[in-house]
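What follows is chain A paired twice: with chain B in the first complex and chain C in the second.
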Partner chain A sequence: MTRYDAIVIGAGHNGLAAAGLLARGGRTVLVVEKNDVLGGAAAGYEIAPGFRAPRFAHLLHAWHPQVERQLDLAAHGLAFARRDLATLSLADDGNHTIIERGEARLAAGNSLPDAAAFAALHRRLQRFAGVLAGKLLQVPPRLESPDWRDLAGLAKLGLDLRRLGAADAREFLRVLLSNAHDVVLDEIADGPLAGALALDAVMGGHSGPRSPGSALTLLYRLAQGGGRHLPKGGMAAFVGALAEAAQSRGAEIRRNAAVEAVLVENDRVIGIRLADGEAMKAPLVLSSLDAQTTLRLTGVEHFDAEAVRRIRHVRCKGVTAKVNLALSALPRFDGIGEDLLGGRLLLTPSVQALETAFDATKYGELPACPALEVLIPSLADPSLVDGSGHVMSIVVQYAPYHLKGGWNDAARSRLAATVLDLLERHAPGLRDLIVAQDVLTPLDIERETGASGGHWHHGELSVDQMLTLRPVNGLARYALPVGGLYLCGAAAHPGGDIIGAAGHNAARLAMKDWALLEERVA
Partner chain B sequence: MTAGFLDRPILEPVAAATPMVPRGLVPSPFDARLRPLNLHQDWMPWAGHLSARRFDSVEAEYFAIRNQATLFDISPMHKYRVTGPDAERVMNRLMTRDVRKIAPGRVGYSLWCDEDGFVIDDGTLFRLGRDDFRLCCQEPQLGWLSDVAWGFDVTLREETEEIAGLSLQGPTSFAVLEAAGLGQLAALKPFGVAKVDDGLTVSRTGFTGDLGYELWVPAGRAIALWDRLWAAGHDFGLRPIGYAALDMARIEAGFVVCGVDFKSIHAAVRPTRGRTPFELDAARLVDFDKGHFNGRRALLQHAKEGPRYKLVALEVEGNKAPHAAFVYHRKKTEAGHITSTLWSPTCKRNIALAMLQAPYGVDITGDLWVEIYHDKEGKWERIMAKAWLTERPFFRHRRRSLTPPARL
Partner chain C sequence: MSARNAGRYDVIVVGAGHNGLTAACYLAKRGLKTLVVERNDWIGGAAVSRELYEGWTYSNCSYVCSLLRPEVVRDLDLPRHGLQVIPYESGATFTDDGGYFAYYSDHDALRREISRFSRRDADNYERYARAVMRQCRFIKPLLMRTAPDPASNRPRDLAELLYLGRRFHDLGEREMGETIRFWTMSIGEFLDEYFETEVIKAHFAGSGIIGTGLGVYSPGTAYVLLHHYMGEVDGTIGAWGFTRGGMGGVTQAMASALTEAGGEIRAGSGVAEILAKNGKTTGVVLENGDLLEAPTVISNMDVRRTFLNHVDQKELPDDFTKAVKRFKIRGSSAKLNIALDGFPSFPAAPAGAPFLKGDLHASQSLEELERAYDDWKAGRWSAEPYFDMLIPTCIDPTMAPPGKHMMTVFVQYAPYALASGEPWDGPARDALAETVIAKIARHSPDFRDLILHKEVRTPWDIEHEVGLTEGNIFQGELTFDQMFFNRPVPGYADYRSPIKGLYLCGSSSHPGGGVMAAPGANAAREVLRDLGFKSAATSAERAA
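== the complex of A and B ==
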């Protein structure tokens, strides 16, 4: 039987980052991936011959620079086609808003009444987010810990809070558990600008702008940087650089290798078994899968009933779908030049519209007007398409996992039609340019990536599932109760979005435990 | 994650005709027989059911337990049925002891813990078949059992209302069974359980430290069972008893009661009130070698750190039982308190169970004193009585384990 120091389950960005760091630390590492394509939710693919598109996630806005440095990704081929994309929030009346580096203006050039208020709000939120930012690469503290490091971490949080000053600290605590709707509309009028900010608060999650805690999710997003970057060569190239970084240090990657079970003996992992029956041994197993799937693969019997109860109640109803298009030519958007089209286009006309769209989702219905985040990555990176033509990648916020009547072909067509109708309001004739299209529902996301509920973040990113509560109370420090088993993906702190911090933190802890283990053996 | 894994129902669906939660205390299936016999009409609540505290005189009932035969209605006990291919795995996951060692037709006493290693409850586990268990316990456990069973192929069913139970205890209890036409139970060993016919199951179990049986029937057959035993018991001094007399016998037998001698961690508001099996002096019931069970990792840690408390058996000088008394070391340092006590008519001395805080009861076991307040005909007196550790049980008769059992 083949032996490794560590086995990483899932070749998503977190799995690959963990593998790279473990290999860098001198461990022999095997990554097993059930799909033929690497990348999980960050994978790229060919939507039609010669058209390369991101399958799910389509830009990097939170990728942690420290992880990038430690893995030396630039040396392994990571480059950016465009950094700090501007956001263009489309308005039905053609008065589109451009948001760039915390400032907003109207695309037409005339002044935006809320510009000053928005800039002030953005600055304040960014400052608040700074209090959280330092926590991303840290292991969440134990609240009842005798370890001084946990207490020091908590003390630092208190100190950062004090450093905001009395007025800001008060405001921080006021908005912390409030909702995005109130935080945004207290300062600026409802419209495409407010809608854009609110969309950042709910993207990927089963929550609306009025959902309690959505303000914290917004801060959390801002804490992760905020700049949005397009990797050169698409998401596939980004994943390729991660894989290359791991492999160059000796990590082995097996594709088409679905894990059937995590093997446990005497309360410690001893390896994994693949669906085809082949077993591999390793004293460390890092799972980048969500908590429920990891629980299932390991076996409920190895977890206390309380842990099982908490894990099975992790909220993970996916509500985000994807529509990918291969286009014969660049679509013409009314009143928008090519330079702006290369950025991030949002169709989120107002906070109110966003909440209305979420309402439908709560009852298992497709909203009439979901919010859209649209990218045409081939504008900044022509290498994505052979010859002429473009690819368009559309994130659809609010398409329920539990759709009434189920996700059949008719429902998929309805989702595509809704999205195209919304886009054609601004880009008439878009339909005529379509060479190929893919509709990926939360169900498809679950089937392809394995994420329970098709949830982008492997569990709702809300206050009851963050920090010391992610994925659940008592298991927030990557290590699961079975010795040598770790969560290294979005299910663990700091959660979803393409950050890489979970993989980084888990790998670091696993190596620390390894060292202790070796010491004990010696 | 497949939908089946998330959504598989474990609990049997409740029939639509099931009545609403009743108001007040629910009468026992034996109510029609118990009520006329209860000369004092002295009732107490037990898990939402009407239970007799005494029928006539507690003393007479106690001496019937020790010298004759007694019937005690145990129907209010929580009863859960766990069946299915994974039943053994689920019970083993629940219990601290190795359930695989309880053969079909055997009964095992065990306790179970939460993730922190604190005891949730104790009870008797009846292995009725390879894949068929009945759990009898003091506290409601349906929710907890559903949590423990989640992800396993078992069916849970609450049988508290469906199954009536009678505890037949005392030196002449087998003679009563024989007279009732159940002489074939002579072969039943202690902690054995046998199915007599489709409706009647009998186990050689009890709470008294003496010969005794527990008989289980569907609630609809309760009265017939009572009449059969009552008619057979006339010549053997059979009499009904209430909880007051039974409690005396159970202290003598050294059994602990959840809610009296320890607090279920699920009922404790303060997490520090939880007690580990080691602290309840039940280390023998913890089997670390059987694989994972609920609370195992925490218990390993507890075992390493040593107990914070210790449930001990005490003898106390004098003839005033130290009810609700403090225990002191060297008459001045508080060491713990008494949880159960009586002046034992059979042992002819004061016996008690006490919860001592470490190091008392663990490293320091001598020079213990109990502060007793007692009302001497309208005048309160305070005694500092000497106490010393002793072994449980305080009373256990050889008859309890003889097979075939004594007839008189």
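== the complex of A and C ==
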């Protein structure tokens, strides 16, 4: 039987980051991935011969610079086709709004009445987000009998808060648990600009702009500056760099290797068994899968009743779908030049419309007007397409996992038709350009990435499932009750989006624990 | 209109609601010359009993009693002034298949009832009850304390923050996490963790949405549930009861206590303006032209009404005005008060069922409740409204002639302004009533024929009569951004305002709405502190 120091389950960005850091720390590491393609939710693929598209996630906006430095990803091929993409929020009347580096203006050039109010709001939120930014790479503090590190972290938070000044500190504490609807509409009028900000607050989550707590997710998104970057060569190249960084330090990656069980002996993890029956041994197992799946693979008998109950109740109703298109030529959008098309296009006409779309989702219905985040990455990065065509990647917020009637072919076609109809309002003739199209529902996301409920964040990013409560109360410090078993994915703090912090934090903790164990054995 | 001088007082309280009267009592008892002015010809605000149909007494707004702080009841000696609260010990939700789920305040009886639906739910009820009770115990001591300003360096605020931190820490790691979860979860998700039976969840969930602009799946509604569980009747935690003679009994007892302490009440003319000059208040001018002078004015009105309608904007800092305008007060509740010719029959209920004396509902599922909320968001009243229906004459026969009955129906959700643009004081009001009556009639076939008279109160009516902005029963949404040190305006959670001598004592301030009288008692304590009263004379003052 093969032996490793550590086995990482799942070659998503967090799994690969953890593997890279473990290998960098001198451990022998094996990464097992059930798919043939690496990357999990960050994977890329060929939608049609010669058309390379991101399968699910299509942008990097929160990737942690410290993780990038530690893994030296640039040396392993990570480059960016375009940094700080501009956002263009489309209006039905053609009066589109451009948002760039915290400033908003109308695409037509005339002045935007809310420009000053938006800039002020954005600056304030950015400032507030800065208070939270430091928490991402920290293990959530122990609230009882904290060690000096926990205390220092809490003290720093208090200090950062006070450093904002009295007025801002009070405003921070008010906004923190407020909702995006009120935070945005208290300052600017409802419309495509307000809708864009509200979409950032709810993207990927089962929550509407009026849901209290949605302001916090908005702040979370702004914590890394809020800039959105397009990796050169697409998401596949980003994942490739991560894999390369791990392998160059000796980590081994096995594809098509689905884990059937995490092996436990005397309350300690001893390795894993693959679906084909092959077993590997390791004193450390890091799972980048969600908490429920990890629990299932390990076996409920190794957890206490309360942990099992809590993990089973983690809320993870996926509501985000994907539509990917291969296009024979660049679609023409009314009144939008090619430079703007290369950015991030949003179809989110208002906060109100976003809430209405969410309402349908609550009852398992497909909304008539979901919000869309559209990207044509091949504009900034021609290398994605052989020849003259383009790829278009569309995130659809909201499409419920539990669709009434199920996700059958008719439902998929309906989703595709809804999305294309919405797009054709701005880009007439888009349908004629389609060479190939893929509709990926939350159910597909679950099947392919293993994320329960097809949830992008491996569990709703809401206050009651954040920080010391992520994934559940009592298990928030990466280590699970089974010795040597860790969560290293989005299920753990700081949660979803492509940040890499969960992988980083879990790897660091696992190495520390291992060192202690070795000491004790010695 | 030239104001004529009509008197000089130490303290003027604007509005004779339960909080205004409570504050006035505490101050009068310390020898301050105290006056309460009230716009209506009657007193009580939203804790009022009125006879609108001969022989019947309605609790026009608030209708049941539980949250009234026992400290206040003791300090003001309200039972001696006539306050009598009679507990009711059960309730029920009628199901569409002709059955019911009954709620009993007796733990074992309720457990047996739940196990009629699901053994698992009955087992989980034990855990649920414990979790809710733990949260009640944690929050209760905070009700009668002034919230600290977390951005301030005053020793008083720092000491209070330290106290809170210690109290929180004393919960232990597990419970600290549970508390954060409880405060930030939705009531729907909280109940989903414990129960599988839809009607049981629907029955419990009502308490999480009453009076709010939130749905059962909106984060934060689990906390609102607490707002309905942390009360007590004669020491029985979580119990609810009827005030003998209607909710006006509460404010009548307070008024009696006030008069005994030497305070004065002038009803019939509201305040036109709260006078302020050079950042200090000097008194009020009434709508009838009376000028009343006082160095201290306490407003029982909500924060928006107080500062946007009755104070000269020039006297207020812009930031403060902006924050007041931003304070969310969203009308979402309506009320039907009905005079009945006899006791309506409920075929689902066994003969003599005790739960008919308590709160009755007919919401079948969390989805039905959430959809009711979506209707409200879209500017319509709920097609399937949630209602909290009681027949207090079962227990308190003073409210209707012998053999006749009075019914009170609280309705959630009805918007303040209809999206259709229709005004509330027209056919819309009757249409709303019809929606509710039709729903009740589904479970009581003879109910409609027994109606002798009804009073329909839309959010618009509540605003116009009681003066609550948008008819919101809590004087402002009970969401995190408007609770505790954020209520009503960050930096002004200590009942004070930018104008020296002007205080708030209504539910717009901490700890918020419900007939609790805590804001009134807390505000009085802060006023006494500013006036240099040192020794704590009453339990509410000692609490701080």
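Heads up, the rule we're going with is that the second predicted complex is superposed on the first by the 521 of 522 C-alpha atoms of A that agree within 3 Å, B and C clash if a C-alpha of one lies under 4 Å from a C-alpha of the other, contacts with A are read in each partner's own complex, and residues count from 1 in each chain.
Quick note on the criterion: a residue touches a chain if its C-beta (ideal position, glycine included) is under 8 Å from a C-beta of that chain, and two chains touch if they have at least 3 such contacts.
Since the structure is predicted, the reported quantities are computational estimates derived from the model, not experimental observations.
J.: According to the stated criteria, A:468 is in contact with first (chain B), second (chain C), both, or neither; which is it?
T.: After superposition on chain A, A:468 lies in contact with chain C alone.
J.: Which partner, chain B or chain C, is in contact with more residues of chain A?
T.: With both complexes superposed on chain A, more residues of chain A are touched by C.
J.: Under the stated touch criterion, which partner chain does A:301 make contact with: chain B (first), chain C (second), both, or neither?
T.: In the superposition, A:301 touches chain B alone.
J.: Look at A:425 in the shared chain and tell me whether it touches chain B only, chain C only, both, or neither; answer first, second, both or neither.
T.: Neither chain B nor chain C is touched by A:425.
J.: Applying the touch criterion given at the start, work out whether A:69 contacts chain B, chain C, both or neither, answering first, second, both or neither.
T.: Neither: A:69 stays clear of chain B and chain C.
J.: Quick check on the superposed pair: does A:293 touch chain B, chain C, both, or neither? Answer first, second, both or neither.
T.: first
J.: What part of chain A is shared between its chain B contacts and its chain C contacts?
T.: 474.
J.: Quick check on the complex: what are the chain C residues that touch chain A?
T.: Those in contact with chain A are residues 149-152, 169, 172-174, 176-178, 180-181, 184-185, 189, 192-193, 214, 217-220, 319, 326, 328, 367, 370-371, 374, 377, 479-481, 485-486, 490-491.
J.: Please output the residues of chain A touching chain C within their complex, sorted ascending.
T.: Residue list for chain A touching chain C: 142-144, 161-162, 165-167, 169-171, 173-179, 182, 186, 207, 210-213, 313, 315, 355, 359, 362-363, 462-464, 468-469, 473-474, 476.
J.: Under the stated contact criterion, what part of chain A meets chain B in this complex?
T.: It is residues 267, 290, 292-293, 296, 300-302, 304-309, 312, 446, 452-453, 474, 481 of chain A that touch chain B.
J.: Under the stated contact criterion, what part of chain B meets chain A in this complex?
T.: 1, 5-6, 89, 93, 114-115, 144, 147-148, 150-152, 291-292, 294-297
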